[in-house]
Each structure stands twice: as structure tokens, then as C-alpha cells.
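Below, each structure is written out as C-alpha cells.
Paired with subunit B in one complex and with subunit C in the other, subunit A is shared by the two complexes that follow.
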Partner chain A sequence: MTRYLIGRLTVFIIAVFLLTVFSFSLNYFFPGDPITNMSGVRSFQSNYPLVMEMRAGNENIATQYLHYLRHLFAGNWGQSLSNGTPVFADGFQHFMASMELIILALLVAVTLGLPLGVFAASRFRQRSDKAVISLAMIGYSVPVFWLAQLMILLFAIKLGWFPITGQINPLYGVEPQTGSILVDVFLSNSEYKAAAFQDAINHIVLPVLILAIMPMMLLLRLMRNATQEMLQKPFVKAARARGLNEWRVLVKHAIPNALQSVLHQTTLLFSLMLTNSIVVESIFNWPGMGNWLIRSIFERDYPIIQSAVLMFAFVILFFNLLVELYHGWRFPIVRHEQYATR
Partner chain B sequence: MIKAYATVAAISAFLISGCQSEEPSPAPLANGIIYCSEGNPDTFNPQLVTSGTTVDATAAQLYDRLIDYDANQQKFVPALAKRWETLDNGTRYRFHLREGVQFHHTDYFQPTRELTAEDVQFSFNRWLDDTSLYHTVGGSYPFFSATGLDQLINKVVKIDKMTVDIVLNNADSSFLANLATDFAIILSAEYAQQLLVVDRPAQIDILPIGTGPYRFESYRKDVLIRYSRHPDYWREGPGIEHLVYSITPNANKRMLKLVTGECDIIPYPLVSELKALNRKELQVTNEVSPNVSFWAFNTEKEPFNDPLVRQALSHAINREAIIQTIYYGNAELAQSILPPTSWAYDDRGIQYRYNPEKAKRLLQEAGHANLNINIWAMPVQRVYNPNARRMAELMQSDLAQIGVSARIVSYEWNTFRRRLSRGEHDTVLIGWYADNADPDNFFRPLLSCAAVATGGNRANWCHPGFDQLLYSAIATTNAEERKALYQSAQHLLNQQQPLLPIAHSKRFQAQQKDITGVELPPYGGINFRLATKQTAEDDSQ
Partner chain C sequence: MQLLDIRNLTVEMQTPHGVVRVLDKVNLQLIEGEIHSIVGESGSGKSLLAKAIVGFINPNWQVTADRLWWNGQDLLAMSPRQRRQITGRDMAMIFQDPNAYLDPNSTVEQQIVEAIPQGDVRGTFMRRRVDRKTRVKRLLHRVGIRDHESIMDSYPFELSQGIAQKVSIAIAIAHRPKLLIADEPTTAMEPSTRLQIHRLLARLAVSQKMSVVLISQDVASILPETKRLTMLYCGQLMETGPAKDILSEPAHPYTDSMIRMSLQTQQQLPHKARLPTLPGAIPTLRHMPIGCRLGPRCPKAQKTCVKAPTATHERQRVFHCHFPLLDTTS
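Coming up: the complex of A and B.
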């Protein structure tokens, strides 16, 4: 396991290093002054010489990169070019808002997608299996932006159940502290916490649902195929021969083994969700990373663009690392396969 | 696993229960109004801008003026000045200030005194006096330089604690009208002084203090502005506690948010979808508003320096079609740059009727058979022009019929205006929205020689005779005489045709039925001073 751990960590660190090199070089690819692109301080501002010195603007490129790294790890990400707010604090709130959406959606996808997949596998090639699997096919193929429009039309306009923009009705006066709205409501000192909480839930339902659909359908199909494959294996036949009932065969033998291959796919799932979250956040005016990135691109706000890109890439790498580590720990066969040892 | 399923069940039950809320809305919702504005304000001080979005967000909510204009009675009414008199043949105005007017108490400023002459003097000197410490804070004062107010006022003199004199260089009958605009607001001199001490003068326009019906709470760019009621307001204030501007630049989304009840009021609803808004809980109001959209020719460039060419091009445009297609009939064909509601309007029937044959002939007379021009179309929606690009396309095909090929040019709004001021355009589709009731507001900021220098004159048209008429008109207070002068000015404009007036549009606003008292004054920005929200309890009584 130690060997596996070290191997994975090394790959992760190399990837992060390349990522910072890329984001550092972005400052030179963007038009204008690299120091301004890094720090958000324009050359006519009074603190520009100080920033120039802090970031070693007159030194060679390697020294500049080292200073860049130091600022990066100290959480000193410069300020926005358009309104001067510190990028790191701002980015943290956007990050939390996105994570809230993505984690809830992942939860919905897993809790609905996996059982449905098992269900379909246990009814393999029967009518209910075909119904579920064609539904999954449709759900997976529908473009997110179009689905969002349809859901808004149905649930918000026709039925009037849910609102369509933002995290909460602004009249509740909940100020962002962490960026994650459910936590913020909890932390706020509003007298109407319960009502505010319900309002926040109402706001979050549609975006979470829409974000969850695609990964849910993907999981469903993966789980169905994996479970089905396991059910064909000799050990399942043996279990059946021992007289175990179908339920125990599924729960004790087929599902745990099927999960192994499905789990590995969740990394793919996660990056898919991050991509989709950009679309969903723009549609629902959700103040997350995706929305932040899109706005900054429109406004040519270079410090924010590079920070947002960095955060996106880092989150994906980090999630991959976690899944791989868990995978290797939970299923020893994985790490054994990798090094061809026994 | 069983545990996991139980959690899922609990969560989904919770989610579903979250959707049904038929109980009366909790207090914060019943006591507040959400206005879905179309953009971020540039600043919180309307002295610094002419942008409608900023004025809507700040002027009438945070501040008061010395005097107000009452559009119903068509006269000036007291505000912070309880009365005023004209002295020295109209070159000195004396204002007696109201006692007991309180500034906002906030967590960033605690006023120790009420409004005095000092505050008025400070507020005027900020844009008037370039030796004032605050003059360079925040940059320029476009409204005051475009109207020439900064040249007109000689000085502001404090007579005693509650009396101020404003001394003019010459008599000007448009002076009071300019004082009643959204731009001539009163700031707190005490606050400015405190900020100087801590060396943060720029904060005065970011964390504003005024005497208006609402005080500033917080602002998050692209998200919202939060105001709360000013509890010690000197006159009748709003019936709500909170006012939130939810910033929603997308016009479709604004309509949807109104339908779902996330907005109480929206500006600029899409005219094309007004009919779809025909829901019983929604209400659409419109106001004939003093605005004009026009097509200005850059008269400094060949061949637009020739009036014959300008006339020819004016005859080539089918303006009736534009009114139907772009405004969906919710506008009036403009005969003059002045709207017909103005008392100085010169009614001569349709000028520059659509006539491609005549246009062709005039163009040949001028010796320009095959012209290549560009039309600059502004990239944003405005009251006077909901879709300049589409309008430019219609004009492009009209012009093609007389053998003129036109190219449409558009930039991002700030770049667009900057390049316009440099005179890079051939012709431009833009417009004007009056700030006050005086007809002078349509002429001097738009077509005077002074406005060429400030960039307000999009035609770069400087005609000494025309300027002479305008200055004679403001030098007299005799209404009949002024009317005659403005009519000859309009007549001259018609011959010279530096621009083709296209339409006077109606201004629309859509809102929930339970909101009352939100005024859409004909001059200037939206006003929430008397806004109230009827609660369910009020209905049952």
C-alpha cells in the first residue's frame, strides 16, 4: 500500500506542478502587463511598485515563478481587475457554492442511480429493465441547458413550485460567509431561520436535480452492466447453488464486486459534473465557480480567469487522487494488478 | 445500506415538504420589495454619471435635492429648500433650508448634526469648484458640464446656517429645472470631512450617505444592492423596511423572474412579449416619456458636411416600418427632436416623409451617386431604442434601395461611447432621455457647439446661428418669447438636418399587483419613496 500511495502522490504532485507552470505562463499569454495580470494592480496605482517588488517583476523568469508559487500558497491571489476585491476570499465563496451544488447532486445521483442499476440488472432483459435502461439512455443524451429550460418552464413557470435564480430570496438578508447557502443560513442570526432555510432549499432543488440527472443515468448504466457481469460469474452460481436467496446473492456477492469497477468511473463522473455545473450555474445565476469564470472571461478579469481555471483543474486532480487512494485501499486487487505482484 | 436508504427517504421527504409553502409569507418578505435592475451601478453618487442604471439605483433612493419637479402640477415644489426667491434680476437665487433634516445613521457613519447650509455648499462645490478637495475624487461631472451648469454658476454663498445663495453669471431660465434633476443631490459635508481625516475620500461614492428615504446597507457586484428604510426621513417615507435591487442583465430572465414572483418590479420588459405578461397578478404600466431616438450624421466628415446629403439619407428611411418592427407600435414617429408633450413643440406635420425617389434625386444633385457609409448601432437597450442593431439592419436595406451601401458597426457600450466622442463614426443610432422638463435639455446637451467639445453632440454639428437662438432662449423668462425662439430653432434644425429624429418611445415597467406607490417619473429615474406592499392581511380587511 505504501508503494501505491507514494506512486499516486508523486503523480499528483507532478500534475499540480505542471498546472502551476501553466497558470503562471498564462500571465504572459494574456495581453498587457504580466504583473498586472497576476496581481490585479494596474501600473498607475500607487501600490504598483510595491507589488512589482513583492512579485520580483524585474528578476528572471524562474525567480518570478518561485515568487508566484509563494503568493499562490500563501493565499495571496491578487485582486479583481474590475472591482478590486481580493480574489482568494471571493474564490473561496464561489468554490463553496459550487461544491454545495455538486456534492448534493452527486448524493442524489448515487442514491438513485446505483439502486436503479441493480434493479435493472436483476431484471435483466425483462420489460422493467428495458424501461429503465431506455430512460437512462434518454436522460444521458439530453443536453443540460435544454433540460434546464424545460424544467424551468414546467416547475417554475407552469407549476410555480420553485424559483429560478440565486441561492435565496435576498429579502431574508442572509449575508454570505462561507458561500455555501445552507451553511450560511445556519450561521446567520436571522430571526426567520426556518423560513430562510426552506427558501434556500427551494432555490437549490432545481439546479441540483438538473446537475444530478446526467451522472445518475451514467451510474445507472454502469451499475447495471457491472452487476449483470457479476451475476454471470461462477462464484455467484456457486452462491446460488449453496441455496442463498436471490437478495443475499445480490447484496453479499454481486454488488460489492460490481462497485469496484463502478467506483473507478466516478472520477470521470466528477469532471463531467464540474463541466455541467458551469452551464447550470449560469442558467440559475448560482454564484459558484462556473459563473465566476464565465463573468471574468466576459470582463477580461485575468487574475480571476487564471484562479478559476487553476481551481477547476486542481479540484479534478484532487478528487481523482482521493478516488484512486480509496480504490487501492478498499480493493487490494487494484494495487496488486498495477504492480503485477501477489 | 438500510441506513443509507432511510437517509435518502428522509432527505427526499424534506425536499418535497420544502416545495409547499402556502402559509402567509414571513415578515421579511412582506416588508420588502425586490426590484430587478438591468445592471450594476457605476458608483453610488449620481453627480458623477449620466447613466440611467446608476441614476435609477441611487438618486431618488439615497438622496434629496433642494427642489423637486412635480410633473402633475407642472411646477417646482419644495424639497430640502422649504422656499426660495429670485434676486438681482434672476442672477441670484436664495434658498431657505428645511430644519430637522436627518442624514442616514449607518455603521460606517454617525451624523452629529442635521442638514445645514454647509452641506449644500459642499455638494455644489464638489462639481463646481476645482479647488474643492473632493473635486478630483471620482473624476468628472458629465451632466453639469454638458448642461453648462458649471459655467453658469458663479459661486455658492452661505448666508447663515440655514440660508444659501447661488449666484449665476447670467440669468438662465433653465436653472431651476436643472436643480430639480436627479444629479443635483445633496451630500453630507460632515461625512466628507471625516473621510478626509482618515484619508479615504473615495469612500464617499462607495459607501454613500444622504438624506433620502433609504439608506445603504450592502452591495455585491452582479448580485444585489441592499437598502433599508431611513427611519428619520423628513417627509412621508416608504411603507416597506427593505428594498433590494437584484441585478439581472438578461431581459428574458427578468420577465421569468417576474412571473415566478422573484421580482416585484422589473424595468424595460420586452415589448414583444408584453402580451405574454397578461397574467392577472401582474400589471404593466407605461409612461409617455420625454425621450427621442435619432440617427446622427457626423457632420465633420465628408460627405455628411453637405446638408443635401443628410436630407437625402433622411428621405430614404422608412420610419413607419421601424416603429412597427422595433417598437411594436409602442412609440410615436418623431417629427422633431422635441417630444410632442413639450410646450415648445413645433407642430408642422410629417417632415422627411419616406420617399426613395426623392432621396435618389437629392443624392445625385449633391453629386454622390454611390455612397459607402457605416452605421454605428449601440449595443445596449435603452428606453428610446430597444434594439438598435435590428434598426440598423432595417435601415441598411432601405439605404440599399437608393444605392447606398451601409456597414453596421458595434462595440461594447463603454468603448462605443468613447470612440463616438472621438468622432470615429459616419453615422450613429443613439438617443436622448430628458433629465428635466425644460426644452433646453433637448437642445444644448445634444446640438450646441459646447456639446461638441464634451462629446454629447453626436453629430459634431456646430452652427453659430443655432447656438445664438439657444442662448437667447435661456436668457429670457418670457414663455411666449422662448417658445418662438425654440420653434425657429426647430425650423433651422429641419433645414440643416444634422440628425434624423426617429421615434419617441413609451417607457414600460411591469410589476406585481400588490405593489403600490412606485413612481416612474417622466423626468429621471425610478422613485421608491412611497413604495408599499399590500400584505395578505390588508386584503382581507
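Coming up: the complex of A and C.
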């Protein structure tokens, strides 16, 4: 395990290093003054010479990069070019809002997708399997932006069950602290906490569902194929020959081994969800990272563009690292195949 | 006591070219604590016979028999659920490629624990844990693994074939079955490992009072302790009876050729001598000969062989042949 751990961590650190090199070089690729792009301070502002010195603007490029790294890890990500707010604090709130959406959607996708996949596999090529699988095919092919509009039309406008956009009704006066709305409501000292909570949940249902559908269907198909493959394996036959009933064969042998391959694909799923979250956040006006990134691109707000790209990439890398570490820890055969160690 | 009594077991398979009989009226009687070897070349239906015994056959195939009795109970009259219960309680099976038949993602200990019957361990939660562990250790010792500590924590891909086969035997005997079916357990193994596994099976049969059905491809790799021998060819029973008699004095031409083949491989053949094999090849499922299926390849075949021969009983032995090598007139 140690060897596997070191291997994965090394890859992660190298990737993050390359990522910071890229985001640093973005400052030079963007039009205008690199120091302004980095810090968000314009050359005519009074503190520009100070910033110039702090970020080593007159030194060589390697020194500039080191200073950039120091600022990055200190949480000093500059300020917005359009309204002067600090990027890091702002970004953290948007990050949390996005994560709330993505994690809830991932939970929905996993709790519905995996069991349905196993169900389809256990009824392989029967009518119920075909029904589930064609449903998954449809769900996977429907574009998110179209589905979102349709769901809004149906559930928000026609039926009026859920609100159309936003995180919460502003009348509740919940101050954004962490950015995650459910946590914020919990932390707030509003008199109508329960009602505000209810309202926040009403707001979050539609975006979470729409974000969950595509990964859910993908997960369903992956899980069906993997489980089906495992059910053909000799060790499953041996378990059956031992007289175990079908349920125990599934739970004890087929599903854990199917998860080995499916789990690896969840990293793919996660980046797919991050991409979709940009669309969903824009449609539902959810104050998350995607929304933030799109707006900053329209406003040519370079410090924000750079930070948002950095955060997106870092989140994906970090999730990959977590999945791979869990994968290696839970399934020793993975470590064995890669390093031939225990 | 007769443990297993099979009379005229027939398995038929629907194919696009009509019905194919993959097992044709096979008989098998098994007595408690006896080692019974089934020998036949590939495609002879020996694995299928084993699968039919444990009730593990493709549901689209037709299984009929005049009698398929286990311990006096009719297996064919049972529901699949009952059948599985009986299989899980009284029978066990080990296979050719042991590493593939163990779950790659659980340790040896977990897999043996799973095979130990729930009712065997009693007491409080902690006591049961300790009890299970000692049981696993004891089982590993019984199959000849002394280094139980490291083996218990190993995963199947870390084990050698011989050890993995021993582990699957440990799993198989965990619930003290009355019958162990070994489906070519030592094919593709080194001679020393093969010998170990064979001795282990023979010892277990005696110490556990367990019947063993050993399936093998050639006469050379059956256990020396084998009591009875059954020869199958293309789903038909050729000859069955006490192993000693059959090996010393085969009645059926097929048995005779199999024995001579295994003897010849041990001795030096003269330069450019013909191999003592039967002419021709094993027929495919689509082109099964009528009558005695050995007919086209049999050195003694004559016109009457297009009709399936009836069973000849001769001193505990049964063979199906019109022209046996034994003198039956006496």
C-alpha cells in the first residue's frame, strides 16, 4: 500500500505543479499587464508599485512564478477587476455552492443508479432489463440544457411545485457565510429557520435532479455491464455451486467485484458532472463556480477566470486522487497489478 | 449405503440443427466413502454429469432420468430452491483452475468463513469471531497448509495453483459434505503438486467418510485409491466397474485404447512407431454417430454397431459393447 500511496501522491503533486505553471502562464497569455492579470490591481491605482514589488514584477520569470506560488498558497489570489472583491473569499463561497449541488447530485445518482444497474444485470436480457436499459439510453442522450428548460416548464410553471431559479427566497434574509445554502440556513439566526430550510430544499430539488440524471444513467449502464460480466465469472459459479442463494451471490461476490471497475469510472463521471454543473448553474442562476466562471469570462475578469479554471482542475485532480486511493485500499488486486506488491 | 443412484440420465440440448443428446442414458451408483473416477476425453460429458448432480445445468436443457436419487430422495422432483439447499448442505465441488474459482477481492479467511455453516459457531459475538478463526485454522491444517497465518490474509492472486486448490478444498469441506466432486482438479499442475492434491483427496475420503467423484481426462491421472471407474465417450457410458478389474482387464475397446495410450506414454516408443491412438477424431455435437458413438473409430466395429448396444453385466462390471474384449461366454 505504501508504494501505491507514494506513486499516486507523486502523480498528483506533479499534476498540480503543471496546473499552477499553466495558470501562471495564463497571466501572460491574457491581454494586458501580467501583474494586473495576476492581482487585479490596475497600473494607475496608487498601490500598483507595491503589488509590483510584492509579486516581483521586475525580476525574472522563475522568481515571478515562485512569488506567484507563495501568493497562491497564502490564499492571496488578487481582487476582481470588475468590482474589487477578493477573489479567494468569493471563490470559496462559489465553490461551496457548487459542491453542495454536485455532491447531492452524486448521492442521488449513486443511490438510484447502482441498484438499478444491479437489477438490470440480474434480469439480463429479460423484459425489465430492456426497459431499464432503454430508459438509461434515453436519459443519457437528452441534452442537459433542454431537459432543464423542460423540467422548469413542467414542474415550476405548469405544476408550480418548485421555484424557477435561485438558492432561496431573499425575504428570509439568510446571509451567505459558507456559500452552501443548507449550511448557511443552519448557521443563520433567522426566526423562520424551519421555513427557510424548507424553501432552500424546494429550490435545490430541480437543479440536483437535472444534474443527477446523466451520471445516474451512465452509472446504471456501467454497473449493469460490470455486474453481468461478474455473474459469468467462475468464482460466482463456484459460489452458486456452494448452494448460496442468488441474493447472497450478488451481494457478497458479484457486486463488490463489479464495483472495482465501476468505481474507477466515477472519476470520469465527476468531471462530466462538473461540466454539466456549469450549464445547470447558469440556467438556475445558482451562485456556484460555473456561473462565476461564465460571468467572469463575459466581463474579461482575468484574475477570476484564472482562479476558476485552477479550482475546477484542482477539484477534478483531487477527486481522482481520493478515488484512486480508496480503490487501491479496498481492492488489493489493483495494487498487485500495478506494482506487484501487497 | 448407496449415496447417489443415477439411472438412465439423459441431457438434451436444443440447437438450431435439432436436438442433441449430450448425455445419453448414463448410469452412476455411488457408495458412501468411496472414490469414484470418471474418465473421458474432452466433450465426453463428464463435467456435464457433475453439473447435473449438483443441479447446476442450463435451465433450457432437458434433463430426464429414470432415477436421480440422492440419499433416497428424488432430486428431479424437487424445486430449484430445495435442490440448492441439498447441494449446499451435502455436496461440494472443486474445479480445474482454482485461482479463478476464488473471489479475487476477498481474503482466504473471509472465503472460508463464508463456507462455514452458521449453526456451527455459537456464543457471544466475540466468542464467535474467535471460534471462526480457529475453525479456519483447523481447516487449513487439515488440507495440509501449515503456514496458516500468512495464507489466511492472502488474496487468491497471491497464491500458487497448488495452494489455491488446497484452499478451495478447505472451502469445500468446511460444511462436511457427503460428496466432493473434483472436476479435473490437477490438470495443468506440476507433478509434485498433483501428487499432493491426490493424496489429500484420498486421505479426506477416508478421514471424513466423504465420497469423492474425481473427473479426469486420462486413466493415468486417476487416484490409485479409486474404487470404481466409469468411462464416458461422447455422452455415452462405455464401461463401469471396479477400477482394479477394469485397468487390468478392460472389456471395452475404448477403455483398452485409453489404457494402452497412457502406458505407451510412460514407456519409450520405438523410433517412428505409430502412436497407439484410435483413428479419427472426437465427433462434433452436430455430427454424432448413431448407435454406439465410438463406432466410426472403433477397431472392432461391425455392422451391428449402428444399433446402441445394451448393457452387459459381468461380475460387478457393466459395459456397453457388441464385441467386448472379455470372454463373456463363461
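The criterion applied here is as follows: the second predicted complex is superposed on the first by the 339 of 342 C-alpha atoms of A that agree within 3 Å, B and C clash if a C-alpha of one lies under 4 Å from a C-alpha of the other, contacts with A are read in each partner's own complex, and residues count from 1 in each chain.
In the analysis below, contacts are C-beta pairs under 8 Å (C-beta built on N, C-alpha and C of every residue); 3 or more make two chains touch, one makes a residue touch a chain.
This one's a predicted model, so the numbers in the text were calculated from it and none came from an experiment.
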item	value
Partner chain(s) touched by A:R240 [first = subunit B, second = subunit C, both, neither]	second
Partner chain(s) touched by A:Q198 [first = subunit B, second = subunit C, both, neither]	first
Partner chain in contact with A:I164 - subunit B first, subunit C second, else both or neither	first
Which superposed partner A:A62 touches (first subunit B, second subunit C, both, neither)	neither
Which of subunit B and subunit C A:K252 touches, first, second, both or neither	second
Greater subunit A contact set [subunit C / subunit B]	B
First (subunit B), second (subunit C), both or neither touched by A:I333	second
Partner chain in contact with A:R295 - subunit B first, subunit C second, else both or neither	first
Doubly contacted subunit A residues - partners subunit C and subunit B	none
Touch list for subunit A against partner subunit B, complex	82-83, 85, 107, 111-112, 115, 152, 156-157, 160-166, 169-173, 175-176, 190, 192, 195, 198, 201-202, 205, 251, 285, 287, 295
Contact set on subunit C toward subunit A in their complex	54, 56, 84-89, 91-93, 95, 97, 100-106, 114-115, 155, 157-158, 168, 171
Residues of subunit A touching subunit C in the complex	233-235, 237-245, 252-253, 256-257, 260, 330-333, 336, 342
Subunit B residues touching subunit A - in the complex, by the definition given at the top	1, 4-5, 7-8, 11, 14-15, 18-19, 21, 26-29, 31-32, 34, 218, 220-224, 226, 242, 244, 246, 248, 253, 256-257, 259-262
